[in-house]
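These notes open a run of structures that come right after.
Common to both upcoming complexes is chain A, partnered first by chain B, then by chain C.
After this line comes the complex of A and B, so read on.
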């Protein structure tokens, strides 16, 4: 989208795509996986890197919604680090999974990350967005080259918006494991690299590509 | 980054805008200003469609903050984000659309004079000249009330009595810590005035 003559190099960033594999692991077996990942990933000598994020999903949709219009609903995920109050808030847009080739080793979807000021929640609501749901994600973070591995637990908030830990309720007895890379369009090689990496975690976890649309059916 | 004040400088009848800009530039150079590149502040309006209440979203950029994008709603709520925010807007096409011919910008030379930065911009609305905006920034301070008198002295030697009092949107925030978003709100106020003036002089056919 060309809107101004300003700083063209910053405006015309190639569209980014997220390559994603997912799995889950029971809480009891989490530590074995963490040690395995520590051995496989970069910075093996340092301690586990942890994170705790509050995520709220905002949706913009038409009031009288037909099926066609419903499919046009736009959702933005707004994240905020609970363990690093200085860090900026974050809007993430994630597109639908690309249908494409069935033989593709990973899920591929459009992805856009934008850092922003901390009034983003009020701002989106004023724009017409509605809060869909919110949750807290707490866990561990690894990286190997440009691959990112997260092992985290999802907590439901008993009262929406209240982020102190007394208000958290674990959603399940498991941790979610995600292997992802965000890269510019058309770098199919990444999928193969990710598949090879995932092979090394078997049989602890079996990372797979999930079509989230099928989960609703 | 410091405190900025933005004023509209009127173009006397019968004079060309370019000529007045030239006179202002000469004046800045006479008092010791050194040209340090150029600047652009631009703004585009997006209108909400299909929502129950009509809303306007203004998207502004400033070369002084090249990696940022400023989004302002009718209430004055301002979101500061990465320039990638433009990419998010393209996903909102079904809800917010750019208003045709709303693109307005202030463009010109940027001068440095000791602790001050002076910017003299020609304002163009979809390509045609509309007026002149003068911005003076005092870099060492972030509290407007503490440096207003100093700024006023410089401003008055440049643009005279137009700078008798602080810009209206700044008046309420004289004791707050100044942020770049406040500069953008001042520009937006002037841009809206130029747009209104243009709409009055050229009624829609």
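After this line comes the complex of A and C, so read on.
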């Protein structure tokens, strides 16, 4: 199949890795966290940067057996901004979390980001990808150097395809907090920097390296 | 008579030695602190400073305890009086006092051997005691009760707020509760694996020839058809997607083996 060779070749274009720490915060405590982040991050004097994105995950599975389907499937995440119609769509490939050594302070996984035109959905479907799931993410965005912090809420769409806010249903009473850096291969120092930054948010949120293999569907 | 007297003297001597020892330690502590403040002030930190103060205050309180201890004879019963004052320099005294008192003369003796407050202070005390005695007992009683009332009120306020602070700090220590691990898990699994986001949607792949309906997909369809029935909202809409995909699929130019 053509698609088997597609993913690795894409990876070779720019071998980027995402370093990731995750946590969540209850909605009631969100503002405290936002103010602390504003003080810690760059552009402290400007207002909060917000975002509202629609994300759809398209998956292509090659194997017949459903038992290994999850690990063998290739999936792409397509996002487009709901609050900025001018912005291009964005397609992202995220690899499996690297096993690596346990002492590593963050989760590390392959990652590839490409901006694209809005017909990427049709393109993926033409290639045999199917829509796996979709959601809306709405929240706040901070950066400090190359570290990116997002605090956002995840909404499920009550009716598929309709992205206006009356159709959203929050998934939980919390905001997801993510601290991530996308960098070329082999920059282990970043992990330490991220860990130090995460220390400053304790005990409000405890950003952790989350083992995604522990999660169940 | 001789024996008990010497015993008392002995006791006095040993307790004086103890006292001297304590005072010497205290003095050493102070001087090292002063030295540090004067010469090493760049490196001194606030906790460090507090530590020094703590050492000094504990030294002071042990000295005080020593004075109150039972073994300590009542020092105020002993009288020290100067026999000879001399304006000449006394090297022995100088050595004993580490250079602070050069001579046992008329200038320093009144200061060092004073047992009463200075005359000005005495005057002030006199004034106050006259004023106090001029008040009638009734007035004094009134003032006393008023003061007691105020004091107890203030005490109540302080106690109440200290209770509150304790409660606050306890609450902070016990329940951070700014995040819920359960929610973290839910959100992360939603974002990485799509749990709770994936909708039962059998039709999205049904009419998609490029992949060809595989066994697995058929199985999925069968599984997903069942939970779909009780959810009419979800069931109604996929039909639009179905037609979309059908259109896309029919226009697909490539054939797969």
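Everything that follows uses one rule, which is that the second predicted complex is superposed on the first by the 196 of 217 C-alpha atoms of A that agree within 3 Å, B and C clash if a C-alpha of one lies under 4 Å from a C-alpha of the other, contacts with A are read in each partner's own complex, and residues count from 1 in each chain.
Heads up, the rule we're going with is that contacts are C-beta pairs under 8 Å (C-beta built on N, C-alpha and C of every residue); 3 or more make two chains touch, one makes a residue touch a chain.
Please read all numbers here as calculations on a predicted model, not as lab measurements.
Trainee: In the three-chain superposition, say which chain, chain B or chain C, touches more residues of chain A.
Mentor: On the superposition, C touches more of the residues of chain A.
Trainee: Kindly classify A:132 by the partners it touches after superposition: chain B alone (first), chain C alone (second), both, or neither?
Mentor: In the superposed model, A:132 contacts chain C only, not chain B.
Trainee: A:204 in the overlay: touching chain B, chain C, both, or neither? Say first, second, both or neither.
Mentor: second
Trainee: Give one of first, second, both or neither to describe whether A:171 is in contact with chain B, with chain C, with both, or with none.
Mentor: Touch partner of A:171: chain C, not chain B.
Trainee: Let me test your reading of the model: by the given contact rule, A:116 touches which partner, first (chain B), second (chain C), both or neither?
Mentor: first
Trainee: Between chain B and chain C, whom does A:160 touch in the aligned arrangement: first, second, both, or neither?
Mentor: Only chain C is touched by A:160; chain B is not.
Trainee: Regarding the shared-chain residue A:212, is it in contact with chain B (first), chain C (second), both, or neither?
Mentor: Touch status of A:212: second partner only.
Trainee: In the superposed arrangement, does A:103 touch chain B (first), chain C (second), both or neither?
Mentor: neither
Trainee: If we overlay the two complexes on their shared chain A, which of chain B and chain C does A:24 touch? Say first, second, both or neither.
Mentor: It touches chain C, and chain B stays clear.
Trainee: Per the definitions at the top, what is the overlap between the chain A residues touching chain B and those touching chain C?
Mentor: Residues common to the chain A contacts of chain C and of chain B are 60, 63, 122, 126-128, listed in rising order.
Trainee: Which residues of chain C touch chain A in their complex?
Mentor: 176-180, 183-199, 201, 204-205, 208, 210-211, 214-216, 219-220, 233-234, 237-238, 240-241, 245, 248, 252
Trainee: State the interface residues of chain A toward chain C in the complex, per the touch definition above.
Mentor: My answer: residues 22-26, 29, 32-33, 57, 60-61, 63-66, 69-70, 122, 125-128, 130-135, 154, 156, 158-161, 171-174, 176, 203-206, 210, 212, 215-217.
Trainee: Under the definition above, what is the set of chain B residues touching chain A in their complex?
Mentor: Going through chain B, the ones touching chain A are 40, 42, 44, 48, 50-53, 55, 57, 59, 61, 63, 66-67, 71, 73, 75, 77-92, 94-96, 98, 103, 105.
Trainee: Tell me, which parts of chain A touch chain B in their complex?
Mentor: My answer: residues 1, 3-7, 10-11, 13, 15, 60, 62-63, 72, 74, 76, 91, 93, 95, 112-117, 119-120, 122-123, 126-128.
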